[in-house]
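Look for chain A in each of the two complexes below; its partner is chain B in the first and chain C in the second.
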Partner chain A sequence: MIDADDAVHWWGLVLAPALLAAYAYAAAAGSAARTARASGAPAAAALAAPAREAAGLLLRRRRTVPGADTLLWRVGIASVPVAAVMAVLVVPVGGRAIADLSIGVVWFNAMEVLLWGGMWLAGWGANSVWGLVGGYRYLIQGLSHELPHMFALTTAAVGAGSLRVGDIAAAQQDVWFVLVMPAAFVVYLVSALAMSFWPPFDQPVGRDLSGGAAAEPSGPDRLVLLAGRHAMLAAAAAMAVPLFLGGGAGPLLPGWAWSLLKAAAVLALLVWAGGRVPAVRMDRFAEVGWVVLLPLVLLQALAVSVFVVAGWM
Partner chain B sequence: MAEWTVFVVCAVAAVAAGAAVFRVDSMARATFALLASFVFTAVPVLLLDLAYLGVLIVLMMTMEMVVMAVFMIMFMMNPAGLMPMTMVHNTKGALAISIAVFCVLAAGALLVPWPRESAPPPADPTLQLGEAIMGDDMLVMMVAGLVLFATMVSGVVLATGRGRYDRYGDDLRGRPDDPIRGGVGR
Partner chain C sequence: MDMRADAAADRTTGVSGIARWLAHVSAQRPLLVTAVGGTECRLAVERVVRERGLRRALSPSEADTLVECGPAGSGVDEAAERVWDQMGEPRARVRVRSAEEAGARIDEARIALLDLPAQRRAAARRTDADRVEDQESAEPGTDDGAQTADEAEDPGQDRQDRHDHREHRDRQARSRHHDGQSHHAHEDRQGHGRDDAEEHERAPGRGEHGGHGNAHGHGQDHDREEEGGGQEDHEGHDHHDHHGMELPGGLVMADRGDDRDGLRLDRLHIAIGPVQADWPAGLVLGLTVQGDVVQEAEVAVQTPSVEDVSVFWDDIARETLDPGALRFRAAASADSLQRFLAVAGWPDAAATGLLLRDTLLVPEGQATGRTRFTRWLRRVRRSKLLRWSLRGLGPIPGGDRLAGPTESWPVPARLHGDAAARVGRWIDDIAAVLMPDTSDTFLAPPISRERSGPPAGGLSSAPPFPPLGRERAEYARAAVALLPDMVAGQELAAVRLVVASLDPDLESLAVYLPEAAHD
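For the complex of A and B:
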């Protein structure tokens, strides 16, 4: 599986999770500040709120429900941050990924699909109706956004003629893919929100379900689940840069700085949009996903394929 | 040596997880034991330099197992499939069938003339494998794919509780009578 081009940069195994954690914290702090400002509280003080909440969760004792399937429950919760970290293994920062696999796009997709199993287990294992309904809500959302999401990834891969994420970034020397395939980019952003059950797609952990899949996990378990969710959003934002935004390309600054800046901008856009857009019901989103997003992104893939065959890109 | 160790560990773990499917007492554990078995099977595929196929096995099997969980809720007699259960039914018949299948597969593995020469592996084994499978049998594969898809659609149509006559009435005219309207305003 690992040939000369697939060299693994082991130093990144320390750096990448640290960067991912920093971005995940930024997403949490950003949304906390937004909520605080909306309610009239000072926004700057809210920047430390996620850290305080995390510390509180670490100190709190776990509670459990009789009949919970502890093994599957823990596996499901742990899989959320694990999937996020595994997904960023293939995301290059300034042209260098930890492992720029020849099938990097498929790898990224496989890791995010692990969340389907993880979230269902996190909901089911708790032996609570709220969790179970939350887990199923996540699956319904997944069934609605996954095919458009896969075709958005495919469109970028077709445009570059490669499944290697580094090649896709390198193929955008002349023109960024966001200009060639804007519909695929929009669909990617929508599915990035949905896969990390971020507002407006936060019904799996919705307040109408007393927290849904996150209702029963408490203490450190809850911290792992929520931190993993933020890390998944950060991972999806980081992946948008090599797929659609030219990777590390940009004037003056070095490549790694542009990669980090663009990832931060996409993450900020996602967090901002999550706070602005009204909640999306997953039963209605099912029809939107299949009737609107899927044909849209298929047409986009067709257009890009024609461009490639005609030699325009 | 390292490859050999990884292969042995994953092979044993895949068989053990597969056996666990029939030992556990909950549908969820059986489902995810089966998923674990598939993931352990994907690792030897990766060892064969078939990176695309190996990762695809993980991707497709995860989705498949989770979709199976959805169908459990929708269609199984035991609602949600969440009560204690067993995957073993018709034990005597199942034993005979599984012994027969095992003998056929094991005979195949032993009797097939495996290539002996140690030629260097091709540059793109996934492409080679795809051409070997699909090259001459493309028509068969496409027909099989269509049949599978038609089976899935007709299975869902037969099993659904509310078909188009329930939604649109006997003359199939007018607006659908849905408890929740779809997301695109129909």
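For the complex of A and C:
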């Protein structure tokens, strides 16, 4: 699957997870600060809240559940951070990715679909009705956003004529894809929130289910699940940069700095958006996904295809 | 404590410096359990939690502090006991009996949490107790294949031994958990002693996903099956009865029944409440679900004896024209609204609502925040997404009458309409004191709460306007009566929203209409 010219930058195997962890923490801290501000508390103090929570989880005793499929449960939980790390392997920072695969877009999509299985197992394996329903909700959410999401990715790939993420970033020398295909960008952002079950798409771990798929994991298990979720959001934000925002292109600063800055901006936008609206009910979102988002992004793909055939891109 | 003493303590107790440090930097995560009559305490605890920048737990798996608010002596206690059993060390448990002691009790819990050697000893005692139970019951040590990882607080112990037993204890705790579906006690368990309960829980053939198979609900679950008709499998909480498919660990498959689309699906029996975040105190909703769709529902109310119950949202509002009373009503509405927003998955808006509630109740610094609250109220009122989520949910037609045991009574006007309409009424109550163009009561003098005698007896001398408590009692009576039919056929998300949009005040119900509170 890896072509001869698929350069693999092994040094990044250390750097990329570290960067991803930093962004994931920033997402958690930003979200805690946002809620603290809403409740009238000083936002600065909340920046350390995720670290304090993590400390408590490390100390906490882990529990087992009767009838739980412990192996599948733990595999499901572990797959969340694993999928996030695997997804960023193909995301270039300043033009260099760890593995700039010829099918990078498909790889990214596959990692996200891995999460479907992972979240289902995490919910089902716990042998609890809350986890089970949380797992269901993640799947129905996936069924609602996945096709629009795939067509949003496809639209960017069509615009560049390549499935290689590096090529897609390079194809935006003249004009960023966000200007050519704004609908695809919006759909991508919506699905980025949904794939990482981030508010307002956090019903799989919703308060109304006592935490849903996250109701039963305790201690280190819980830490892995929550950290993985934040990492997935960070990975999705980072991927938006080469797909729609010109990759590392920008004045003055080096390419890697622009990539990181743009990713941080997208992440900040996603975290901020999460606090502005109530949760989207999954039973109602299915309709929106299929009746609104899918036709919208298909029209977008059609328009971009016409541009490409006409030689305008 | 100086470092040398710490180090000495480390050597004797086996608590590492890292564990100690983690405990110090960790944030306390309280799980609130509110009994009927505990509203005042709940509000105080929620205020303390907010002021300290803490977050409340949603489930026992993430909680380290169990805070019981209000009087003991109802079924809520037993639910709290089971939740306590599900919490792993380090853990602490306190009861808050009055609003003034909320802060002190939470401090107490924090101190207990930081005492790691004591936590260690408590964990060992729990393990030993389970070991004794194991021998007595001579239950074969079934192993569900679970692995327990090294725990930070546990270096250098006889790990294998401890783990075996811990695992077992955890499993028992979880079986308790799963019987009632976590934190969600079932009223029919009240009569069982603990030993009795555990014996039943060990019986093979309880539970499945989501743990219905309620070992205590003898009778009840069978009755349900008979009513439902068409089930092939028994719930199998009785060893001899069950002929369902047996799974590893002695569990059986769920029974099955036709769903709304005519498919045969698993039926689970679960209960929501009384220990549940953002849930009316004392309410237990027993549900038969397929997937997450509710087939049948029944409501139970867990109240302590009436003498113990004080109605918080009550006497101040006897004269509705008084600005302080309006403000108090607005605080009650803000409380309901913030809980609703939390259930609707809008934690930031809920946080501001909670701040507003506290501001309305204790008016120091009252002039600050008006802009914030006005903006917040406007955003909630105009949220298209919220309206879209609530559209057509939980409708109650106007003009209905409900049949009581002796007489029928009309459904209170505040219940009419769908969930959005009911939420809109809370918003109106708040706007009445918040919006500059209506009145300036947001800046009104502090509320002076004066307690009147127990109102249950002296209703003949009622003031010209009905007391807020009585109004809320009639509202709660109708809500509880209508609830089962409203939630049947709905998804769990809708069930939570419907209940939150009703938010029945069982405290008022217990005091003003005691006969209705024990249906």
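Convention: the second predicted complex is superposed on the first by the 311 of 313 C-alpha atoms of A that agree within 3 Å, B and C clash if a C-alpha of one lies under 4 Å from a C-alpha of the other, contacts with A are read in each partner's own complex, and residues count from 1 in each chain.
Definition applied: a contact is a pair of C-beta atoms (placed from the backbone, for glycine too) under 8 Å apart; a residue touches a chain by one contact, two chains touch by 3 or more.
Everything quoted here is computed from the prediction, not taken from an experiment.
Enquirer: So, does A:101 touch the first partner chain B, the second partner chain C, both, or neither?
Expert: After superposing on A, A:101 lies in contact with chain B but is clear of chain C.
Enquirer: Return first, second, both or neither, reflecting whether A:116 touches chain B, chain C, both chains, or no partner chain.
Expert: first
Enquirer: Touch check for A:143: first (chain B), second (chain C), both, or neither?
Expert: A:143 sits against chain B, while chain C stays out of touch.
Enquirer: Touching A:211 in the superposition: chain B (first), chain C (second), both, neither?
Expert: Touch partner of A:211: chain C, not chain B.
Enquirer: Just chain B (first), just chain C (second), both, or neither: which does A:283 touch?
Expert: Both: A:283 reaches chain B and chain C.
Enquirer: In the superposed arrangement, which partner chain does A:198 touch: chain B (first), chain C (second), both, or neither?
Expert: Touch partners of A:198: none, neither chain B nor chain C.
Enquirer: Quick one: is A:163 in contact with chain B, with chain C, with both, or with neither? Answer first, second, both or neither.
Expert: In the superposition, A:163 touches chain B alone.
Enquirer: Looking at A:72 after the superposition, I want to know if it touches chain B, chain C, both of them or none. Which is it: first, second, both, neither?
Expert: In the superposition, A:72 touches chain B alone.
Enquirer: Which chain, chain B or chain C, is in touch with more residues of chain A?
Expert: With both complexes superposed on chain A, more residues of chain A are touched by C.
Enquirer: May I ask you to decide whether A:58 touches chain B, chain C, both, or neither, giving the answer as first, second, both or neither?
Expert: After superposition on chain A, A:58 lies in contact with chain C alone.
Enquirer: Which chain A residues lie in the overlap of the chain B contact set and the chain C contact set?
Expert: Common interface on chain A, chain B vs chain C: 124, 132, 136, 281, 283-284.
Enquirer: Given the complex with chain C, which residues does chain A contribute to the contact?
Expert: 34-36, 38-42, 45-46, 49, 51-53, 55-56, 58-68, 70-71, 124, 127-130, 132-133, 136-137, 199-200, 202-203, 206-211, 215-220, 222, 275-284
Enquirer: For the complex, which residues does chain A have touching chain B?
Expert: 1, 69, 72, 75, 101-103, 106-107, 109-110, 113-114, 116-117, 120-121, 124-125, 132, 136, 139-140, 142-143, 146, 163, 281, 283-288, 291-292
Enquirer: Considering only the defined contacts, which chain B positions touch chain A in the complex?
Expert: So the residues of chain B touching chain A come out as 26, 28-29, 32, 35, 46-47, 49, 51-52, 54-56, 58-59, 62-63, 65-67, 69-70, 73, 80, 82, 180-184, 186.
Enquirer: Using the touch definition up top, name the residues of chain C that touch chain A in the complex.
Expert: For chain C paired with chain A, touching residues are 19, 22-23, 25-27, 29, 50-51, 53, 55, 58-59, 61-62, 64, 86, 88-90, 123, 144-149, 151-153, 166-167, 170-171, 173-175, 177-178, 181-183, 207-211, 247-249, 251, 268, 270, 276-278, 289, 291-292, 341-349, 351-352, 354-355, 369, 372, 383, 385-386, 388-389, 491-494, 496-497.
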